[in-house]
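Have a look at these structures, which come just after this line.
Below, chain A partners chain B and then partners chain C, in two separate complexes.
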Partner chain A sequence: MRGLIFLILVSSNNIFSILEIEILKGSDNLSKIAFIPFGIEKNIDEKYGDQVSSLIEKNMVLFGEFENLNKNEMLSFPSTEEDFYYRDWKIMGVDYSVIGRINSVNALGNLNISYSLFNINRRIKILDGEIVGNENNIEGIAKIISNRIYEKITGLRGIFDTKLAYVVNSNSKTYQICVSDIDGQNEKILFSSPSPIMSPDWSPDRKKIAYVSFENGFAEIFIQDLISGERESINALGMTNSAPVWSPDGKSLALVVSFSGNPDIFSYSLNTKRLNRLTNHYGIDTEPSWSPDSKKMIFTSDRSGSPQLYEINVQSKRKKRLTKDGSYNARGKYFPDGKSIFFVHGNNGNFQIATKKLSGRFISTLTSTSLDESPTISPNGNIIIYATKKDENGYLAGLTLNGKSRFALPLKNGSVREPAWSPLLK
Partner chain B sequence: MRRLFMEPIGIFILAMVCQLYSCAQNVSDSVEQMSYASVAGEEYLEGDKIETNLNNKVFFDFDKSSLDASDKSLLEQYLPFIRKAKIVRLEGHCDERGTREYNLALGERRALEVRDFLIVKGISGKKIRVVSFGEEKPLKRASTEQAWSENRRVEISLY
Partner chain C sequence: MMNRVLTSFNTFALILLFLSFVFSVFSIKTLKVNNTQSMKVNFFELSEITETQKRLPRAKPIEKIKEAGLIKTKEINQLEASLDVEKYKISKPDIKKELSKIKLSKERTEILKISSIIQDKISSVWIKPNSLSKMLTAKVLINLAPSGEILNYELVEPSNDRIFDNSVLTAMNKISFLEEIIGIERGIFESNFRNFKLVFKSSGEIE
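Then we have the complex of A and B:
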C-alpha cells in the first residue's frame, strides 16, 4: 500500500521535471553506440520497440559520455543475433550496437525484454540479458538495461536509477527541497518553506533526507521520510545545529552543534540519540563527511587561520591536516573508493571544484567558473554535479572524470543549488 | 535519591546538569541528548520593535569577523538604546562566496563578535539573542564586490 501511494505521488508530479541536462562538451574520443529499435512479438503494441531502445539511448548519452548513431543512418534493423551483421555497423563508425526483442508474458501487461550488446571492433557479443517488467514501467526497465550496458562498456556501476535532491529558490520568498530522477524527470517537492533550507543529505537506504531548515528562526536539522512525508526535528542541543551527513552504515548522523557560538563536530547515534563529540576547538569546525567505511571523517576548520580540510579518525579522534594550498579549501567529500577527496578550492577570489589524492601532495582544479560550490559525486565515482551561478541565478553543472565531458542542468525558473546525489539502490 | 532519578523530572535535572557541565568544561565526550523546549517563536518577536535613527548594520571583510573602529563607534552610539531594550537580536550574514555551511558558522561568529563587544560595554548577555543565516539571506542579490560588501553584515534589532 505504501509503495502504491509513493507511485501515485511521483506520477502526479510528472508534469514538472524542471532540470534538463544540456551537454556543453562531450567526452574526449566518444564511443559511438547504435541503439537499434527492439523487435516485437505479435500481440504487443508496436510502439514499445522504438520506445525501449530510445529510452536506453537517452540514458546512455545523458552525460555526454557516448555518441549515438541516428536511426535514419542505420543500414539494417536486426533484432536477433542471426540477423546481425558487424559490417553494417563497422562502416558507420559504430563501436557498440544494442539489439533486443520484446515478448508478452501475460495479459496483465507484463513484458519479457531480451537484449544483447555487441563490440563491433572486436566482432563479439559482450552481453546478453533478459528482464521481465510491466508496460507501465517502461522507463524503469530501460534504466536497468542501461545500467547493465553502461557497466559492460565502462566497467563502472550504472547510475541511471539514482536520484538527485536539491534546493530550489524560485523567488526570494519560497524555498523548496526537491527530489528528481537523475535525468530531471519525476520531480517531487519534499518540503516548501518561506525560510531558507540548506544541506540536504540522503540516508544510505534512500528512504530519508536530512536537511537544515530555518522555519523556526534558527538553523535546525530535520529528517524527512520520502514516502510518508513525516518530518522529525533533531534539535540536538540548543540552537544552531547544522551540516547533517548520514554515515554510510546508516547508524549515525555527523552534525555540527554550536555550543555558545563555537561550532564543533559530533556524531549523533540515530538509535540511542546520543551525541559523541569529535572536535573541540575554539575555531570553526564544520562540513563533516564520512569516509566510505564510516571510520573517518573529513571536515573544514579555520583553526590555522583560514578554512582548510582535516581528516579525523572517529574512534581515536586523531586529526590530520589534508590541504595546504591556498587560503580556502572547504566542504570536502571522499570519492567512493575512499582514496581521493573533492572539495571547494578558493584561489584569487575564484571558488572552484578541486580534487586531491589523500596520498598525494597536489590538488587539481576541475572547474573554471568562479562561484562553484556544493559538489556531489555519482555513486560510481565518475560524475560530479555542483552548484554555480550566472548573473543572479544559481544553476547546476557537472562533469565526468574519465572522459572530461561537461554539462549543465539549467532550471526554467528561479535558482537551484546544493545538489545531493542519492546512493545506489541496495 | 535513586527513586528521584527514575522520575522524568530527575532525568531532566540530570540532563541539565550534564549539559551545563559540558558547556562549562567543554570536555565531555558523550552528552545525553535532551529535548529542548523549542526556542522557536520567541516572545520578543511579538513585542514592539524599538526604532532608532541609527544604521542597524555593521559590515565585515571577506572571511573575517573582527570589528573595526567605525563599527565600534556605531555600536557605542547604540548603547543607550540597547540599555533600554529588553531583547537585542544580532543576525549574522555572509556573502555568497565560499561554502554554505562554513558561512553559517562565520555569520554566527560575526554576531558573537558584536555580542562580546556589547558585553564588554556592560550589556547583559542574557538579553542578547544571536542567530546566523550564513549566505542564505543576502541583502543584495548580485555577484559584485559592492553587493558582497553589503551582504557581509550583522543586523541589530531591539525589542
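Then we have the complex of A and C:
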C-alpha cells in the first residue's frame, strides 16, 4: 500500500515537472501554395483550365499574404485526387495545393468547376467544392473559389469580391469619385466635378455611397445609388455638413454639422431625417466613425489643445479620451472586432498609421512612410489600405497586420486619396 | 560464529566508510575550485554564500605574513584594503555545496540551451495565423527518441480555434527530427526531453 502511494507520488511529481517550451514567435515565411492548372473536358476551350487557376493565384497573392509555386517548377499537373501525390509537392516546399476540373454543363457556355485544396504537410484534403457559372463570368467564379480557399487556410472571411471607393484628383480642375475591385480593376467613375469631393463611405448593403461635394459652393452631403446613379442631398440644416459615415446597422449617418463655424458630431436618422446632437463643445469635433455594434463612436477633437481621439456612447453621450501619445491622433476607426482602433498618428512632422487596443495603454505604429492619411480596413480585419504621398502624387498603399507584407496599389493618372473599403456582400 | 562474522563485517564496513571519507576529502582537495569560477556560476546566489561565510572563522594568511615580518605594516594594510579576504574564503562544506550547485546549474544551462534551440526550430516552421485579438494557447506533448526522432506527438490541450490548432499541427508535421538533443547526457534527456510539451501561444496583440 505504502509502495503504491509512493509510486503515485513519484508519477504525479513527474507529470507536474514535465518540461514546457513556449513558442510565441512564428516564422517570417509565408505559406506556399501551388495553383495547378485545372483539368478540362474535351469539348471545352483549353484556355479555361489555365485561366481559372491563374485568376485564383492572382487573387491569393494580391496582398502578399501567400507565396506561389511557379508553374515551370511543378513536377506534375494533376487535376483529380487519384493523380495527386503529396510527395511531389512536399519536396517543392509547398504548404497547400489547389487542383480542379472544368466540365461543360450545356451549350450556353455554362461551366461546372470542381476544386480541391490539400494541406501537404498534414497530407489531408481540407476543402472540396463545386460551382456552376457562365464562361463570361470566369473572374467572378475565380473570386468565389479564392474566397473559399482563403477562408479555409486563414479562418478569415475572403475579401476578393469586395470593392474600394476613392477620390481621384486627376488635375487641379477635376475631382472624381471612383469605385473599383480591390485589385484596381473594373474602375467606374461614380461622379465627376470641378469642385472638390471628399469622404466617400459605403452603405452597409454596398448599394450606396455617401460623400461630401462642394459643387454648390459649400460642403454638402450626397448619397448616391451605385446602380441607378441617382443622387440625393441630405443637406439637412442648410449649413456646412461633412464627414458622413454610415452606421453598421444602416439606420443612420454620423456626420459633422457646423453651427456658426463650430463643428460638432451629430447622428442623422435616415428614416425620420432627424438630427441628434452628440457633442457640444467650442473645440473642433470631427471625423466620426461607428463601432461595429453601432452603439459607440470614435471622433477627433482638439478640445485638449491638440487633435486627439475620443469615444462617445451614442445613448448616454458619455465621452472618453482614447489617445494621449503625441500631439496628433486623428482619423480613428474601429477594427471589425471592436476591440482595437487604428488611426493617423503624428510625431515630429511624420504622419503614420498606428493601432491601439482599447483596453491597452500603448500605441504601435505600422507604417514607416511619413505622410500617411485616411486608413481603411478590410472587412476581415487583416489588411489596412491608406493614402500616402510620393513627390506630391497621392497613391494608395497597404499592409497586412501580421507585418509580413507591404504593398502599393497600381498608380493611376492623378492623385488618389481617401480610400474606403466596402463591406462584405451579405 | 555468527557474532564473529558480524564483527568482522562491521569492521569491514567501518574501514570502507573511513576510506570513502578519506577519499572524498582527498578528491575534493585535488579538485581546484577556482574562487572566481564558483562566484561566477552562482552570482545570483551571492547573498546566500555571504550568509554562510559570516559564520566561518576568519582566515589569517596576512596575519601570518605580518608575524613573519616580511612586509611592512603599512603595506599590509594597503594590501588588506585592496583584497577583500573575507569575500574569497570558502570552506570544505561550501565546496561540496558549490560542486552540486555547479552541477545543477550546468544541467540547467544545458536544458535551457537545448530548449532555446528547439524553440527556434519550431518557430521557423510555424506559420502563425492572424488570430487578431484572440489570446490562444495550444499544448503539444512530444515523445522523443534519444536519436532525436519524434516518435509521437499529440495535441493534448487544443486551443479550440480550428485555424490555430491546424497551424500548430501543420508545423509539427514539418518536423520529424530534433537532432539537437543528440549527445546530451542521458540523464538530462530522460528526465527532461523524453517527454516534453510545446506550448504554442498567441498573445492577442496586433503584430
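Please note the rule applied: the second predicted complex is superposed on the first by the 396 of 426 C-alpha atoms of A that agree within 3 Å, B and C clash if a C-alpha of one lies under 4 Å from a C-alpha of the other, contacts with A are read in each partner's own complex, and residues count from 1 in each chain.
Methods note: a residue touches a chain if its C-beta (ideal position, glycine included) is under 8 Å from a C-beta of that chain, and two chains touch if they have at least 3 such contacts.
Since the structure is predicted, the reported quantities are computational estimates derived from the model, not experimental observations.
Legend: residue contacts after superposition of the two complexes on their common chain; A:D201 is shown touching neither chain B nor chain C. When the shared chain is aligned, no partner comes close enough to touch A:D372: not chain B, not chain C. Taking chain A as the reference, the larger set of touched residues comes from B, when chain B and chain C are compared. In the superposed pair of complexes, A:D88 makes contact with neither chain B nor chain C.
Residue contacts after overlaying the shared chain place A:N402 against chain C, while chain B stays out of touching range. Contact with chain C, but none with chain B, is seen for A:K357 once the two complexes are overlaid on the shared chain. In the superposition on chain A, A:D183 makes contact with neither chain B nor chain C. In the superposition on chain A, no contact is made by A:E311 with either chain B or chain C.
Of the two partner chains, chain B is the only one that A:R331 touches; chain C does not reach it. Interface residues of chain B facing chain A in the complex, by the touch rule stated above, are 19, 22-23, 26-36, 38-42, 45, 63, 96-102, 104-106, 108-109, 111-112, 115, 130-134, 136-137, 141-143. On the side of chain A, the complex with chain B involves touching residues 172, 196, 198-199, 214, 216-219, 235-240, 242-243, 256, 258-261, 263, 268, 273-277, 280, 284, 286-287, 300, 302, 306-307, 327-328, 330-331, 344, 346, 349, 351, 371, 373-374, 389, 391-392, 418. Residues 111, 115, 118-119, 122-133, 139, 161-164, 166-167, 169-171, 173-174, 192-193, 195-201, 203, 205-207 of chain C are the ones that touch chain A when the two sit in their complex. Interface residues of chain A facing chain C in the complex, by the touch rule stated above, are 18-27, 29-31, 95, 119, 121-123, 154-156, 335, 337, 339-340, 355, 357, 364, 381-382, 400-403.
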